[in-house]
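Please find one structure pasted underneath; my questions will follow.
Lettered A, B, C and D in written order, each chain numbered from 1.
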Amino acid sequence: MKNITIISAFIIAISFGQAFGQMVPEPRATEVWGKEPVKVTPGENGSPPSDAIILDHSAWESIDGGENKWDNQDGVMTIKPGSKDIRTKKSFGDVQLHVEWRIPELGPEFKDQDRGNSGVYLQQFYEVQVLDSYTNKTYNNGQAGSLYKQYIPLVNATKPAMEWQTYDIIYTAPHFGKNGTVISPARMTVLHNGVLIQNNVSLLGPTVYIGAPAYEPHGNLPIYLQDHNHKVSYRNIWVREL
Amino acid sequence: MKNITIISAFIIAISFGQAFGQMVPEPRATEVWGKEPVKVTPGENGSPPSDAIILDHSAWESIDGGENKWDNQDGVMTIKPGSKDIRTKKSFGDVQLHVEWRIPELGPEFKDQDRGNSGVYLQQFYEVQVLDSYTNKTYNNGQAGSLYKQYIPLVNATKPAMEWQTYDIIYTAPHFGKNGTVISPARMTVLHNGVLIQNNVSLLGPTVYIGAPAYEPHGNLPIYLQDHNHKVSYRNIWVREL
Amino acid sequence: MKNITIISAFIIAISFGQAFGQMVPEPRATEVWGKEPVKVTPGENGSPPSDAIILDHSAWESIDGGENKWDNQDGVMTIKPGSKDIRTKKSFGDVQLHVEWRIPELGPEFKDQDRGNSGVYLQQFYEVQVLDSYTNKTYNNGQAGSLYKQYIPLVNATKPAMEWQTYDIIYTAPHFGKNGTVISPARMTVLHNGVLIQNNVSLLGPTVYIGAPAYEPHGNLPIYLQDHNHKVSYRNIWVREL
Amino acid sequence: MKNITIISAFIIAISFGQAFGQMVPEPRATEVWGKEPVKVTPGENGSPPSDAIILDHSAWESIDGGENKWDNQDGVMTIKPGSKDIRTKKSFGDVQLHVEWRIPELGPEFKDQDRGNSGVYLQQFYEVQVLDSYTNKTYNNGQAGSLYKQYIPLVNATKPAMEWQTYDIIYTAPHFGKNGTVISPARMTVLHNGVLIQNNVSLLGPTVYIGAPAYEPHGNLPIYLQDHNHKVSYRNIWVREL
C-alpha cells in the first residue's frame, strides 16, 4: 500500500518534472559546471604569477622610438634624468599591474612636486603618481598614489625614501561608442604597499596637468613610466592581461 | 519488476535529496517568492506616478531661508532675476527626478553662458546644467545637460527656446567612509527630452565653477534650482525617493 | 611708482606663468572646448529621436532565418502563437531601446507565467520580462520588468491589460577578456511607463530559465522578441546606438 | 611705449580676471589643497598596516553567542569540526580584509565540496569560498575564490594543501532604499595569493546554497568564518574600515 503511494508520488513528480524541467536536488540546480578557470601558479610576496608578462629593461623602449636609455643594474631600472619617458613595446588593455619603486635620497631643498617625481601611466594617458609623499607636502591630488589631479588617495600609505614601495593596480580600459562617446570610463583600483588607496574609481579622461580632462577614443596602448628628471628606481614590474 | 526499479530509483533520489536538499523541478529552484515589489500607478507622458512627491511652488523655499520668491502662474514657476536660488524644503538622497524647463525668448546679444542659464542641483552640490544650447556655443562641459564641468552630454538633444524640455534624472547619492573618504561617488543617468545624455556617470565631487572638484561628506540634502538672472521657467517637477 | 609696482607684479606673474603654464582666469581653466556633441532632434512622448533606428515589422526576421511571421497592422506587431521568436536583422552592442507593448484581453484562467508572457532580449541573451503583472501573481523575479530570474523590479509599475505600456532601456554590453573571462558585465537601467524599475544593475550572465547564469563571450548580437504563445502586441520600437 | 602696452594688457587681464575669477597659472587651477589623507604605516608582506584591526582568536565569538571554540595555537586558529561558525564581535561595513588560510593534509577520499571546505563571509551573508581547489574538481561557482554560486574566479590561483594562502578582499557594503529596495549592491574585489580573481563584481544577494539570491536590507554586520567540519586553519587576519 505504501509502495503504491510512493509510486504515485513518484509518477506525479515525474510528470511535473516533464512539464517544468527535470527533478533535481535543490542545491544542484544552481551549480555551474563547464569550462574551468585557467590554472595560475601564484608568486610569493609580489613575485610574478605564472601567467604574468615580465616588464624588465628589455620590455621597454624610449618614447622617441629608440632603446630604453634608463639605467639597468641587477634587475633595477633607474631613471637617468633627461633620458625621456619609456613605454612598453607591447600594448595593453585591461590588466593587473605590479610595480615596485624607490625614491632616491634627496636633500631638503627638493620639495613639493620636485621630490622623487615619476609616474606609472596605464594605457599612456592615465597616471598613478609616483612621488616622495612621506613627509613632503604637495597638493592632495598630486601626491603619491593619486590618479593625477583626479583622485586623491584614500590614505597616505607612503614609505620613506630609499625603501622599496609597491603598487598593485587593477585597471579596466575605457570603452568608446558612436562618435567617440564614452560607454564606460577607465577604472582603477590601487593598493599601495598592500593598503587600498583607490577603490574602483572612474576616470574623467586622461590625467592632465592643465585643464579639465576629456577622453579621446583609443584602443590598446603601452604602459608608460615617466622621466621627470628625478632618479627614481623601478624593479619587479609585471603585468597580467585580464 | 519495473516497479521495483522505479521504487529503487525513487529511493535513491530521495536519499540524494535528503543529503543535498529537496527534489524540485529545475526551473522552480531559481524562482524568488516573497515580499512583492510595491505597486505604483504610472503617470502619462511625464506626469507624476502615484508614489511621487510633487515639487510645486510651495515645496520650495529661498536659499536665504524665506519664501520662494520665484513667479508662480498656472503651475509654471519662472525665475525673477535676483530672487535667488530656491531649494526644496525637504531633503533627499537617492531619487528619480523629473523636471520640465523652458528657455525664454532672447535676443542674439545673449550668448554663451549668458543665454537661458539656470541649473538643477541634486543634493545641493551636483548640477545638471540648464542653458539654451540649441545653437548657442559655449564650452562643451557647460552646455545644457552637462554635469557642470565634469561630464559633457553624449549628444545635444536640446530643443529651441520657448519650447518645454524635460530632464529625467536618476540620481544615486554618494556614500562616505572613515575620515570622510568616498566609498561610492554620486552617480547620475540623465535623459534629455527622452534621449540618453548621461549614462550612470560617477561625479568627482561638487560641480564647481572654479578648480578641481573634491567631496565633502554629507547626508540627505535639498534639491536646488539656480537663479542665474535669466527668466527660465519650470513646471511639472516631481521626485520619487528610491 | 605704482606703475612700477604693477609692472613688477606683472613680470613676476609672467615668469610664474612661464614656469608653470599660462595665466588664465580660474574658471576658464576648467572649460573643455573642442569637438561638440552631435545634435539630435528629440521626439515627443516616446516617438523616435532623429538618430534612432526604427524597428518596425520589416526590421525583424524569424529566428528560423525566414521572414518575420508576426502579425503587422497599422504599425502594431502582434504575436501569432507558434510563429516563433523574432530578432532584428541588424546586430547591436550598447543601446538605448524604446519598446511599447500591450497585453491582450485574457480570461481569469490565464495565470502566473501563462498570462501575457513575452520578452525583450537585449543581445539575444538578456531578457526584460513582458507579462501581465497588473494583479497576476507569479514569482517576483519573473514578473513584468524583471531581468528574468536575476533582478526583481524596484516597484511594480504595470498597467492593466489592453493598455499600451513602455520600456525605456539603457543597455551596456558585456566585455570579455582573455580566456573568455568577464571584464565588465552586461548592465541595464529600465524605466517602465516612465518609472525607474532597474537601476544600472549588473547581470550575472544570460537570463536563464534553468540553473545559475554564466557568461559565454560574444560580440554584437540582435535584439529578440519572444513568442511565448500569447498574443502580446508591440509598436513604436526604436533603438539608438550609443 | 612697450610699458604702456604691457600695462594695458595687464589691466585688461585684471579686468577679465575680476569678471571671471582670479588669474592663475593654468596648472595651479586644478590642484586640490586642504585636509590631507590620513597617514598609514603599511605592513610588510601582508602584515597589518597601522590602521588595521587585528582579528586574532579573541576578536571572534561562536555563532551560538559563546566563546570562540576554535583551536588557537601560535597565532593560528584551526577549526575543530563541530565547534560551529565564528563571527567577529565587532560589526563592519565597507572594509579591506586580509585573510590567510591553509587546507589540512587530506586523503584522496575527500573530494568535491568535502575537501577543505570553509568560507569567509563578509557581513554574514556574502561568502568567499575556501576549499582545496588545487586539483580537486567541483562546480566552478563553488571552487576556492568563488563568491559562492554567483561568481566563478577569473583564474584558479590555488596553492596545494598544507601551504598558506591569502585572500585580500575589498568589500563595499550594499545600500538599501525605500521599502528595502537595493540602491547599490554588495561589491567585491578579491586577490588570491596576489592574483586578481574577482574584479569589483556586484552580488545579487546573499550567497545561498539553495535557490536564487535575494537581498534583505541590513546595516553593519560581523564577518563570519565557516566551520564546515574540516580542519582548515586561519592566521594573520586583519581588517581596515574604509
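Descriptive notes on the structure:
Here is the rule we go by: contacts are C-beta pairs under 8 Å (C-beta built on N, C-alpha and C of every residue); 3 or more make two chains touch, one makes a residue touch a chain.
Because the structure is a prediction, the values reported are computed rather than measured.
The set of chains touching chain A and also touching chain D is given as B, C. Two chain pairs, B-D and A-B, are compared here, and A-B has more C-beta pairs in contact (counted per touch definition above).
Over half of the residue numbers found at the chain C and chain D interface occur in both copies, marking it as a same-residue contact.
We define each chain's centre as the mean of its Cα atoms; on that basis chain B and chain C are separated by 17 Å.
The centroid of the Cα atoms in chain A and the matching centroid in chain B are 32 Å apart. In chain C, the positions touching at least two other chains are 21, 26-27, 29-32, 34-35, 37-38, 140-141, 149, 152, 154-155, 172, 177, 179, 181, 183, 199, 209-212, 214, 242. Per the touch definition, chain C reaches chain B in the complex via residues 26-27, 29-43, 45-46, 49, 51, 96, 98, 137, 139-143, 149, 152-159, 168, 170, 172, 187, 189, 191-196, 199-200, 208-212, 240, 242. Per the touch definition, chain D reaches chain C in the complex via residues 3, 6-7, 10, 13, 16-17, 19-30, 140-141, 149-152, 154-155, 177, 179, 181-183, 185, 199, 201-202, 204, 212, 214.
Here chain D touches chain B in the complex through residues 21, 29-32, 34-35, 37-38, 93-94, 172, 175, 177-181, 183-184, 209-212, 214, 241-242, going by the rule given at the top.
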